[in-house]
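What follows is a group of structures, each given as structure tokens.
Paired with chain B in one complex and with chain C in the other, chain A is shared by the two complexes that follow.
The block that comes next holds the complex of A and B.
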């Protein structure tokens, strides 16, 4: 089940990924995120994935691609709240998450976006 | 059931004089109990022709005591083999070959369990050592330090990585200093492990500073064509700490009053 949400806070979009996300939902989410960037005119997107137990190669690619798309639209993307085991899996599998900045948690990411650093 | 009580008593008294009892690994009562179990086990084995579960259990007990007491494998097996001259009479049997074969089998079984017990101990110790040798230190507010000592294999790297990542999430520290001064050999494999750790830390939103790259390590890295440019490196840990403070926009200043104290300014 997909319980993900997209919320606008100040000048940023906060996307919380939750529950099981299959390939189709991932693509739908990507669509929705991109639409929301336009609609809310935000300067940054924070994708919060602390609720995800698993990031497979497809998910990693989607994340990386989404970040590049957002970049093209002139906004920044932050990945926040990766779990240690997820990070280890991504590194061990040699997955590439290019173009995405990471932050320890949502708070840090929002602060960085607000500070314009 | 023990038939040859006389021979049995002789064997027991012989057993009491071995290092098992004289060195205090077993008290006379325990020796008697194990001896009794052993003879009963062997006598039932003579009928069935294979080592019974209860006999195996007795033999395992003997091996474990042997390992714990620091006996050699031969000394441990001696507990069983000391029965050789007596076993025929104890069991009232004339079929020596059959009994001896079984006794040998029992003796070899202690050998096997001896090794197995030893290995278990070694595995446990290795685990302990791993945990002891990979501390993650909270150096200053927002800075973690990991001093690596010894050899870096994939298992250790994995463990360090897990421990470090958990600590980063727990403390929210944006910077980690990984010191490799104490790593005996730094080769491509180790470099790879370091790069992996750095990548994982970055995924969490942290940053890794590698310190302790001595001239010789720097030379090896360049000669082997290892690209460490994606991570920040420094020669000594002090430089790493200074850099970390700089990155956090903090500094250590001298106190005005007599006596020095670490103070952070933002």
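The block that comes next holds the complex of A and C.
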């Protein structure tokens, strides 16, 4: 079951991806994130994925597309908290999520966003 | 004695990867290998749903003299098949709107990977990961 959440913290949207996310749910979440950027007028989005135990090619594509869409809308995206073994798998598979800024964890991502760079 | 998972809709892909992780962890695979196996199963189960609409997975623990214990998954469908296997394995090739990295990526994650397919009759993809490297 999908247990993801979207909340506003300071000037950023914090999206926590959690639980079992099937492909359709991932697309629905993408739409929700984009709409929340407008609704809350944030300049940054942090997608926190430390609870995700796998990122396959579909999820990788959704994540990088979401970041590109948010950029087009004028906000900045950080992917935060990628698990070590998930990072290993992404690299071994050769999945491309270049162009997505990453942060070690949520705190670091919010700090960087607050610093305004 | 093999077990079977039917793939008929999107949520079955989620079920397949939950089972894969559970079996891999029970067999004593490292966290890294659990992630590799689960990711491979996610890719191939999705391909069944996307390109063949439905199919099934058979999985079992296997033992082979020198290699020792391993886990084998066989993905089967009776969809359109994969007419050009080499093309399908090409990094970035997709006939849909994917990343075109599912088959090539899975091959890299697993110790054994082979595709059998006759056009019009579906596809059979077999993957194996050995417990001890």
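Operating definition for what follows: the second predicted complex is superposed on the first by the 117 of 117 C-alpha atoms of A that agree within 3 Å, B and C clash if a C-alpha of one lies under 4 Å from a C-alpha of the other, contacts with A are read in each partner's own complex, and residues count from 1 in each chain.
As a working rule, contacts are C-beta pairs under 8 Å (C-beta built on N, C-alpha and C of every residue); 3 or more make two chains touch, one makes a residue touch a chain.
The structure displayed is predicted, hence computed values, not measured ones.
*Asks:* Should chain B and chain C be called a clash or a fit once both complexes are overlaid on chain A?
*Replies:* fit
*Asks:* On the A-aligned overlay, A:80 touches which partner chain: chain B = first, chain C = second, or both, or neither?
*Replies:* Touch status of A:80: first partner only.
*Asks:* Return first, second, both or neither, reflecting whether A:93 touches chain B, chain C, both chains, or no partner chain.
*Replies:* In the superposed model, A:93 contacts chain C only, not chain B.
*Asks:* Considering only the touch criterion stated at the top, classify A:53 as touching first (chain B), second (chain C), both, or neither.
*Replies:* second
*Asks:* Touching A:23 in the superposition: chain B (first), chain C (second), both, neither?
*Replies:* After superposition on chain A, A:23 lies in contact with chain C alone.
*Asks:* Of the partners chain B and chain C, which touch A:61 in the superposed model: first, second, both, neither?
*Replies:* second
*Asks:* Output check: A:70 vs chain B and chain C. Expected answer is one of first, second, both, neither. What do you get?
*Replies:* It touches nothing on chain B or chain C.
*Asks:* For the overlaid structures, how many degrees, to the nearest 10, lie between chain B and chain C at the C-alpha centre of chain A?
*Replies:* 50
*Asks:* Quick check on the superposed model: minimum Cα to Cα separation from chain B to chain C, whole Å please.
*Replies:* Checking C-alpha atoms only, chain B sits 8 Å from chain C at its nearest point.
*Asks:* Give me the intersection of chain A's contacts with chain B and its contacts with chain C, in residue numbers.
*Replies:* In the superposed arrangement, which is not itself an observed complex, chain A uses residues 83, 85-86, 88, 92 for both chain B and chain C.
*Asks:* Over in the complex, which chain A residues touch chain C? Could you list them?
*Replies:* 20-24, 53-58, 60-61, 83, 85-86, 88-89, 92-96
*Asks:* Would you tell me which residues of chain C are touching chain A in their complex?
*Replies:* 10-11, 13-14, 17-18, 21, 31-32, 34-36, 38-39, 42-43, 46, 91, 98-99, 101-102, 104-106, 108-109
*Asks:* For chain A, which residues are in contact with chain B within the complex?
*Replies:* 79-80, 82-88, 90-92, 97, 101-105, 108-109
*Asks:* Write out the stretch or stretches of chain B touching chain A in their complex.
*Replies:* 158, 161-162, 165-166, 168-169, 172, 174, 196-197, 199-206
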